[in-house]
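Have a look at this one.
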Amino acid sequence: MNRLHDMFENLKQKKEKALVGFVTAGDPDISVSLRMIISMCKSGVDILELGIPFSDPTADGPVIQRSSARALANGVSLGKVIGMTKKIREETDVPIILFSYYNPIHAYGNARFYQDALEAGADGVLVVDLPPEEADEMTDTWAGDGLSLIRLVAPTTPGERMKHIAESASGFMYLVSKTGVTGSDGLDTSEIGQHTELLRSVTQLPICVGFGISTPEDVAAVAAVADGVVIGSAFERLIEDNLDNPDLVSIITERVCEYKAATKL
Amino acid sequence: MNRLHDMFENLKQKKEKALVGFVTAGDPDISVSLRMIISMCKSGVDILELGIPFSDPTADGPVIQRSSARALANGVSLGKVIGMTKKIREETDVPIILFSYYNPIHAYGNARFYQDALEAGADGVLVVDLPPEEADEMTDTWAGDGLSLIRLVAPTTPGERMKHIAESASGFMYLVSKTGVTGSDGLDTSEIGQHTELLRSVTQLPICVGFGISTPEDVAAVAAVADGVVIGSAFERLIEDNLDNPDLVSIITERVCEYKAATKL
Amino acid sequence: MDKFEAENYPDSNGHFGAYGGRYVAETLMPALLELEKAYYDITPDPAFQDEFHGLLHHYAGRPTPIFHAKRLSAHLQGASIYLKREDLAHTGAHKINNTLGQALLARWMRKKKVIAETGAGQHGVATATVAALFGMECNIFMGTEDIRRQAANVQRMKLLGAEVTPVESGTGTLKDAMNEAMRYWVGAVQDTFYVIGSVAGPHPYPAMVRDFQKVIGEEARGQISEEAGGMPDMLIACVGGGSNAMGLFFPFINDTVEMVGVEAAGKGVETGKHAATLGAGSVGVLHGSKSYVLQDENGQIQEAHSISAGLDYPGVGPEHSLLKDLERVRYVAINDSQALEAFQTLCTLEGIIPALESSHAVAQAMIEARRRPKGDVIVVNLSGRGDKDLGIVNQNPELGS
Amino acid sequence: MDKFEAENYPDSNGHFGAYGGRYVAETLMPALLELEKAYYDITPDPAFQDEFHGLLHHYAGRPTPIFHAKRLSAHLQGASIYLKREDLAHTGAHKINNTLGQALLARWMRKKKVIAETGAGQHGVATATVAALFGMECNIFMGTEDIRRQAANVQRMKLLGAEVTPVESGTGTLKDAMNEAMRYWVGAVQDTFYVIGSVAGPHPYPAMVRDFQKVIGEEARGQISEEAGGMPDMLIACVGGGSNAMGLFFPFINDTVEMVGVEAAGKGVETGKHAATLGAGSVGVLHGSKSYVLQDENGQIQEAHSISAGLDYPGVGPEHSLLKDLERVRYVAINDSQALEAFQTLCTLEGIIPALESSHAVAQAMIEARRRPKGDVIVVNLSGRGDKDLGIVNQNPELGS
């Protein structure tokens, strides 16, 4: 069974692109977060990126920084996120990618992390600050290949390096839409098109594009060239604007539907 | 005619020592100062030291500093002090010593100063910061020897130097009672005795002792060994304490009488 | 003790044994690879070295002297203490050695903008200084709390023409400033050179900063031989990120000389309010490299605490982690009040106002000197001057004045 | 221009032509004679010179470098400007050269206490520093107004163990502090050494301070020959009392090099609010020597005005008066806003924050360099660093930040 592979195949047949939804686990609190995530998965998110909060998120803009800080204040840890994963998995078959900085995983223990994440039902892991050069120390401890290590490619990545990165990738490839941290604006869809094309020339894997995508129009534009569209800060901003709103879950769910609609060609 | 010489001779016959009174010219204001000085001279001051105020009186303690500052604020200048001298001389034969720092004299002009001071009736000049090493530049411009240049000797002055200073002295010699600025306390009369004795061994001139003498008892103790006793800060303190007191002149005059009494052996 | 073969580190991936490396977002990797190439190709070029050493000499005022602190030594009745006077370098600390090197490299790489993080403001001032010297645009990231505490250095940076970007996130201190500088760099990496202020950060920074700072130890080697007639018995330096310490230690690393790195114990290691990363931390990844860090059991980085802003950092350079494991360097910690006492002692016995960072090294030297015979020679890196710390010291009731 | 025969001055009475001398109370004369004897007997002693130069090297950080300010020179499109970096000396200004010399002499004379006057606090800090170094008691006289304006330097002196005596008299500035120091000295002359901070005061101070400062010019002579391949065309230094200027000029005095001394024009010489003693004063006697002074027609000393506390003095060293009359040195004046502009220019073009005093010299150099061909070489004495002036500069709306 490979949920990621099956999902992309399935979408291809439906002539849809994947809506990849990122949320920080445990924000605004663990129970609302769980309800919200399950609802998102049931209403259109094709791949869940579950963010593990970190004290020093150097690749993230202010919106995700604040969301991380709230989650940490709620006592969210990698262990708890694995617990949440298990609960989400009980409710949905949507592929789950754990999204993390390396230090929390390192502190948890690489081998233990593999075991527990897999058992909980995760499908992959994306480690923002673990480039291929450093990744072996983690994957070498893994007792199998049940988890995909999602590789990132950036606009600054030269062709040769792209190829090299693609070689060790599995699941899908994450193409960063632009230089800058998450949530920064100024999306250039023609540039994304070029980068996607370049990346396609070195990999057979599906390509998901993320960073700075916020409107359904953005989604449609990116969906036209990529296999998946990642939405992160846009969800987080909505969460932040509705922290105490009892309708938060339905507001987010509604937004998921709008985005999902835009992924259908 | 030599008022200084005659005065010391006269006192010697009366078995008295000279009361040398210092006041800053023009403090608290020119007219009160004039009245006060004339009254002092008429009631017991044997030699008048008339202080020319200076902006930077580095050899003076706070009391005389403040008195200088008040006089300057009243517009007192060397020229005006010479004018005051003329008026004092019209009223009394008491020898008048102009007491100054060098800069006001230098600015006035050394030759002109000699001429004008002599004409006004001054008998000598004491320049606090003009040691013998530098004095020639002033006296060389003098058109005669009508003014005595009063020389100072300090407790720090070694014997050889004392002798050298005494050689060029005239009028009387001023023995500084102690190291320190004017008005500082801690009078040591036995030390003064020794210094006076030492000085006597190198000069025939009368010796006046000053700095830090304030009570009639001090005066009597010093009068026992010296030929003259200089009172400065003690008068100035009294002036300062009675700046707006209409009885200032009589208060000072009374004090002069007390001091004078103490100079009679 | 194993011989530490300095020439083996870092390896070709920038690892110092188990430490170091490049733990950064992919967006930055190409820039780091470009920088690594420049570091290996350009910095050894004799023309580069000439220019660098010319600036160190004419601009930064090197060589800085080594000074035999005779009254301090006599007071301690033990070993002789010599002070390596980095406090006399231009801008007041050793930081200028490194910023000159990096800015010069930036110029050779035709970068027109530099950025830097700063805590106490010393590295920020040193970066703003070289940016002015080279006519580069300069943006300094500094936590809002540090901006408040170090107003004079903020003013200096601005006078030097730099922009100072306040960082509100986290606790508004050095760690947050470095986070924000990295974020900014991710967005501006094509034309911007990031001048990191210590032997921390991703490869090649730890090696490169060490190499730019090793002039300290190279000079000290020659000077101490001349002054004291031989090799010293001990070297002591404070360790924040660890650049002044690496700068002093590195040229002696294969000699038989004891080395002591002094971290900040803050209010006491046992209170949890400290910055003793090597002494009380554990291995983790922060700001692009693996090393000891202060973290909780979940891998969340913890706040550091020290009276000295320059040591107030929960990470440490990866080479120090290796040196610790190899036991080539002994790492100890000095608390706030010991540092203040050493500060005051150096002021009144030698007429030198040390930086609070450097005061930690002096405090340890006072302990070591007392234990050692008179003939022994201890070299202390006086990494900076204390003018910047007057405000902090002033608030301290222990220092009567 | 007549050749100035430096070796003829001062004469045996401490006169520089019509200037100098010893205009002091008799109580001080024996001390000055003792000091003169020590100056002639002890300071030339090779053992003294060795110790002095050892301290200059190991403690004060000499030689200070000479730095070719290329960006400033290019900006001016004229002569090349070289900066003699006294800002890098320990405590941040040239003042330390002199205080080391005098304190060392005090020690040779077995004096246990030193006193000094200070305005901006630089000389006070430098004196407190050497007093700590030599374990001497130290009392610094400082006007209450200056204590208020220069709080950081007051704190430095206290940290160094000195007593700071506030002087309320007059306007509570440098002149008054010097008055008070002299008064104190009169009372304590037997065991106290008075460390005067400039080439002012009674003989032998002007000659002695010059001799302790001439290391600046001696170094610069060698350095500029090496860097620029010959003698400079012009030397420029600011003149408060005149010690940094004499220190630079003296070793060049018999060379064919133009010399320019820069006084402070404050708000403009025409406004009367200035410190251009040589430019707008007249001959008089102040603080023990004859020289140009600012005075009214009655010989009362006037207040000086300058944004720079170290130039804010109504007197000047007697040797400068002679050099002015001989036309060996040209004296000019730079006003507050010109000095501030030069301050800012040096900050942003060269990454050096100069003292406001030194900024006056830089401002004049900017004028001179523009007028001269590219091949010409101007050496500017950068007498101190500007950290002490941040507060003053901060208040100045002209410097946006």
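Note that the chains take the letters A, B, C and D in the order they are written out, and that residue 1 is the start of every chain.
Going forward, contacts are C-beta pairs under 8 Å (C-beta built on N, C-alpha and C of every residue); 3 or more make two chains touch, one makes a residue touch a chain.
The structure displayed is predicted, hence computed values, not measured ones.
Trainee: Enter the minimum step count from chain B to chain C; a value of 1 means the two chains touch.
Mentor: So the least number of steps between the two chains is 2.
Trainee: In terms of CA centroid distance, which chain is the most far removed from chain D?
Mentor: Following the centroid criterion, the farthest chain would be A.
Trainee: How big is the gap, in whole Å, between where the Cα atoms of chain C centre and where those of chain D centre?
Mentor: 35
Trainee: Just curious, how far off is chain D from chain A if you go by their C-alpha centres, in Å?
Mentor: That gives a centre separation of 67 Å.
Trainee: Which integer distance in Å separates the CA centroid of chain A from that of chain B?
Mentor: 98
Trainee: Of all the residues in chain C, which ones touch at least 2 other chains?
Mentor: If we look for residues of chain C contacting two or more partner chains, we find none.
Trainee: Where in chain A do residues touch at least two different other chains?
Mentor: Touching at least two other chains: none.
Trainee: Hey, how would you classify the chain contact layout here, line, ring, star, complete or other?
Mentor: Line.
Trainee: Quick one: which chain pairs are touching?
Mentor: The complete list of chain pairs in contact reads A-C, B-D, C-D.
Trainee: For the complex, which residues does chain D have touching chain C?
Mentor: 57-59, 61, 64-68, 71, 85, 87-90, 92, 128-133, 135, 152, 155-156, 158-161, 227, 344, 347-353, 387, 390, 393-394, 399, 401
Trainee: Once bound in the complex, which stretches of chain A touch chain C?
Mentor: 54-62, 65, 72, 77-79, 101-108, 128-131, 133-134, 152-158, 161, 165, 176, 179-181, 184
Trainee: Please name which positions on chain D make contact with chain B in the complex.
Mentor: 13, 21-31, 169-170, 175, 179, 182-183, 186-190, 283-288, 290, 293, 295, 297-301
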